[in-house]
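Just below is one structure, and these are the notes that go with it.
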């Protein structure tokens, strides 16, 4: 086997297997779009104040699984799950659970930066406002922009339209927007794939910062990125069943160092060594 | 375990995910929106209700056989004649003339706008087509009657009645050009660019690409546009009332005056047929027939679109 | 190595006389568009020259008169048309936009009733306006007992333009990228908050444009009023929704039907007024579209 | 200047004086809906116009739904006055009675249905009722297509027929008088509510023939010739004279209005009817209608007076 | 430097630097979209019957340059070039050159399979037909499908709509369609990025086959793929000029083995070791 070409975060990895303090516990999760079972039988745990990366070839269901964590899939007609996702022991799909409350607690950043066509200030203030927060908005906005490492760049033009920012700034604005509602978890679906290298580096640095306070889940198609930033990695792939239908599967879930140095599954090894994908 | 030491940033496990405050407003709004959407259903029910009773009464007095089996029409004459074919034929003939005018012109205009025109040109011409689409049909009728018919009477070798199917049909055709053009253009613009590129990359010219790739790919949308245009043409009232007249004899001669179904409804409906008389019910029977015809066409169109929609994208 | 190279003669990249056919095709397309536009031009020129002698303040300051064609005007028609359009705007636009929001944002179109609503709207858009006249006559004037009033006319026309408003509003709403909705929902906004604060503001220009075009169709309608027997000689302006009225297109229809030449000139002049109102509305729509249209 | 009177500027006084200075009798207001025959409409429209100049607050809406349509709305209580080019039918009376609507009949003018041919037509100066029947009876449909079939002495010119729509009182009256029964007619003619089309159609075809109310003929005398009609007593042309004295038979006919008695309780409706009756001669002349002869006018006055007493 | 994680095609690489027989010679090419100079000063050569790969981060102008080779950029209003592209010594942008003829000679396969909504047969026959070929269409279609390794899979359903094929089959159909007009060169813009691993492998195998007869240019974002299939690699990147505008540039062009083992530019090294992109 060729040695995988990765730079691993060495010293900062804080968790040994035993020390995982789960925010989410996924038990035998299958996700359906109508009759089509897009993802099958996933079991994994997301540790508190860790960065968990989800990697795998296109169409293996990474986004699908990610969007289960804040119930974004509810919005797709016909989408439903089997199995369980526990959020601090509470069933995320329980009857009494309000998906809107879930999304407030579990923020999300998308692949393409999607700022609202409003001012920078209003973008950040939007979340607190819809959640009924009224006072000290200025403070909230400043704090969020600060955490997203954007404050210095935009503090003089808060009233300017957010669409006038560069791609990387827009993505950081989206992160600020997510932070402003004070979530516990932030989900990120390929947050850097539309950005240039410099912006990518900034976002990666930012993730390291945020990790002090937030639990982060990131989907990426860039293995180097997964290796650079994450504590744990889940590797997904898709296989074809006897009826010829493709289903996504979790192949391996482990500490990132292990996945990239001693994967226990042949498919993981093939993938990270670039033999396919 | 460090759970919950900083409540502001991490709500933690101790706060339930249940609804923090009730949201009756959301539900009320959804009901309101649904109600608005149901107005359209109510409209259809209203139309059906308005048409149904007199139509049933009509057919209890006049047999289907007479209605569809005879070519003599004159519900207000004595003895009345209820063979509906003359007005159906007139409707179809005027629609046909209109379609012959509008389909080639409308499609060609659509191809030009979608495939050839620059963004700037398109930005100028689309609104102009919209203006054409918004011109009141009385105006088209006036123009047909007082300008086009005299002109045609001068240049055509055969005689043309002062009111005739030909100039009415031509103007109905002009009226529906924008419908065909703008909806077909929408359908063609929706054809993914990748298909065009695929064709160009094989050495196809612009004309070949437009005709043998874009047109077929936009087929269902174009059919829908044409069917909508046809139903507009078939139901057009003012142009035919002004320019084609009310003579309901069974003829195919486009130079002669003829009454369409809509023209019949307009003249009889604004006239003096007493409520409850058979003549009055005839208006509703013809109205039902017209409604059913447009309904059938649109049902067909919806099926076409559905059948071919998956073909691309 | 040179042996492997393609001989120079094979690398002739000159075209083979294709351009002529291509040019003809292009010209054919362009002239088709031109035919439609020439018609429009001819029509405008014709009505303008016909109506020119009567295009003055008499037209919009006087009521119609059968005694003195020379002072006769169409004031009551203009007023009636404005009443109808105003009421239609008030009734049809909100209903249409709300229905469009329902269909785009809430309706699950795997459900049969939502598909029925959609199919029904597409169908209503194609129903001839004279049939709406029958609806107005049978249901609104008689059954609801609204009589032959401004209200009846406005309700009928509202129902007639409703499908057009819904269809164009849906398009405008659909043009708002899903990423905006996802962004909002992911922040814990409710669905209505998302619509009210993100989707609607972003689609307002499109909705306004579509609405104006729908109303400009309503302005020209005459057939339903024919069925409603709207009075033809109305020498007063409506003073409320329960007043009698006439509309401009119907007046034009009646003027065309007069035998005296003066009335035909008057009809042409009235048409110019109607077209002027129409062009004004269309320009407004275009201006709105160019000014506020968002490119995502 | 009259600045000295300024001392009386006290609101109460002004209000009182305002009330007093309002003309007690004149200013009427309200809406009067009239609908019915398009033949009668011009007469009522002229009346409405002149009356409207004196009483600008009274809103007169005149519709032209045809005689039957007018009665329909009238008997549904939707209009105050119905215009009619024929007397009310029994069914229509029944409909009115069912809705408890009392009405009166007022003959307001006379019409002479005029048969017209283009100026180029030199042969058909006078047609007998039989010849007209030959042209217009249902049996002629598709058969009598040239003038020589009407009378061998006429040239072989294509017969092009124009007439009012089947839903008009004019059509009903003409068919009854010529073909012997209401609404019995050949169908292959060009019907039109729009008399202008009849004028243009007839004027534009050498073999054209049409009929409509006398008014339209008067307006288009330069383009059309009126055919004299022979009902056995020799050829008589349509004119005010012949229509009034009854020699223009069988095509002269009375025109009516039917006011709703209950509506007459409204002062503005009474005022309008009064005005019409009082000025009937001028109005009819202005509208180019054939005026009533003195006896007919006297009857109109007594009829309207008795209607007013009915209304109380 | 970490060793790049790539599997290189060893023995089959036929060309030593001196043996390049150029089909295209690119001289100081700059490409503009209106006023925007998307790519600057590119010099490279495309060798006959070789596979040349173009790699680089998103937005660096790979597609832009590729589309210059068959004048597809002509279709974009405002797009134009400076510099020269010679096709067998003839200026591709010369006045007398007919772009339609160019595209006939130089085929193209796109990122997302884009079969026409017609039958499989008609898809393949489309190119020959528009080029005025009339006889022996059946043979032409069979031959093209054969070369594209698709014949066996579709020979019984040639009349079926092409959209009913799977993604990988559709992409091979697009290759067959390109082959059917008998081009000399085939341009491919990320031909596998929408495909699953198995389909990708098939296409890569197919490229090796086609290399016997055709000159192939491929754009890919997958470095492993470039390393696996190509003979030469051009590495592009984008840099920002003093006015803050991004321009694409060719950083390095060399034999694939050299690029992946001994890149001469620091940026190439960073990119292939996954330090950015």
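We just call them A, B, C, D and E in the order they show up, numbering each chain from 1.
Keep this in mind: contacts are C-beta pairs under 8 Å (C-beta built on N, C-alpha and C of every residue); 3 or more make two chains touch, one makes a residue touch a chain.
Quick caveat: nothing in here was measured; it's all calculated off a predicted structure.
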Legend entry - Partner chains that chain B and chain C have in common: A, D, E
Inset, instruction - Chains touching chain A and chain D alike, please list them. - result: B, C
Legend entry - Touch-network distance, chain B to chain D, counted in steps: 1
Inset, instruction - Skim through the chains and flag the pair connected by the most C-beta pairs in contact. - result: B-C
Legend entry - Euclidean distance of C-alpha centroids - chain D vs chain E, Å: 85
Legend entry - Centre-to-centre distance between chain E and chain B (centres being mean Cα positions), rounded to whole Å: 47
Inset, instruction - Note the residues in chain C that touch 2 or more other chains, in rising order. - result: 18, 190, 229, 256
Inset, instruction - Quick one: which residues in chain A touch 2 or more of the other chains? - result: 100-101, 105
Legend entry - For chain D, residues contacting two or more additional chains: 64-65, 69, 193, 197
Inset, instruction - Spell out all pairs of chains that touch, sorted by label. - result: A-B, A-C, A-E, B-C, B-D, B-E, C-D, C-E
Inset, instruction - Going by the contact rule at the top, pick out the chain D residues touching chain B in the complex. - result: 37, 64-72, 76, 89, 91-92, 95, 138, 165-169, 175, 181-185, 187-193, 197, 200-201, 204
Inset, instruction - Mind listing the chain E positions that touch chain B in their complex? - result: 70, 72, 75, 77, 100-101, 103-105, 107-108, 110, 112, 114-118, 126-127, 130-131, 161, 163, 174, 177-178, 181
Inset, instruction - Sort out for me which residues of chain A touch chain B in the complex. - result: 21, 48, 87-90, 92, 94, 96-98, 100-102, 105, 132, 182, 184, 213-214
Inset, instruction - Would you tell me which residues of chain C are touching chain A in their complex? - result: 108-110, 177, 179-180, 182-190, 193, 197-198, 202, 294
Legend entry - Touch list for chain C against partner chain E, complex: 1, 4-6, 8, 11, 13-16, 18
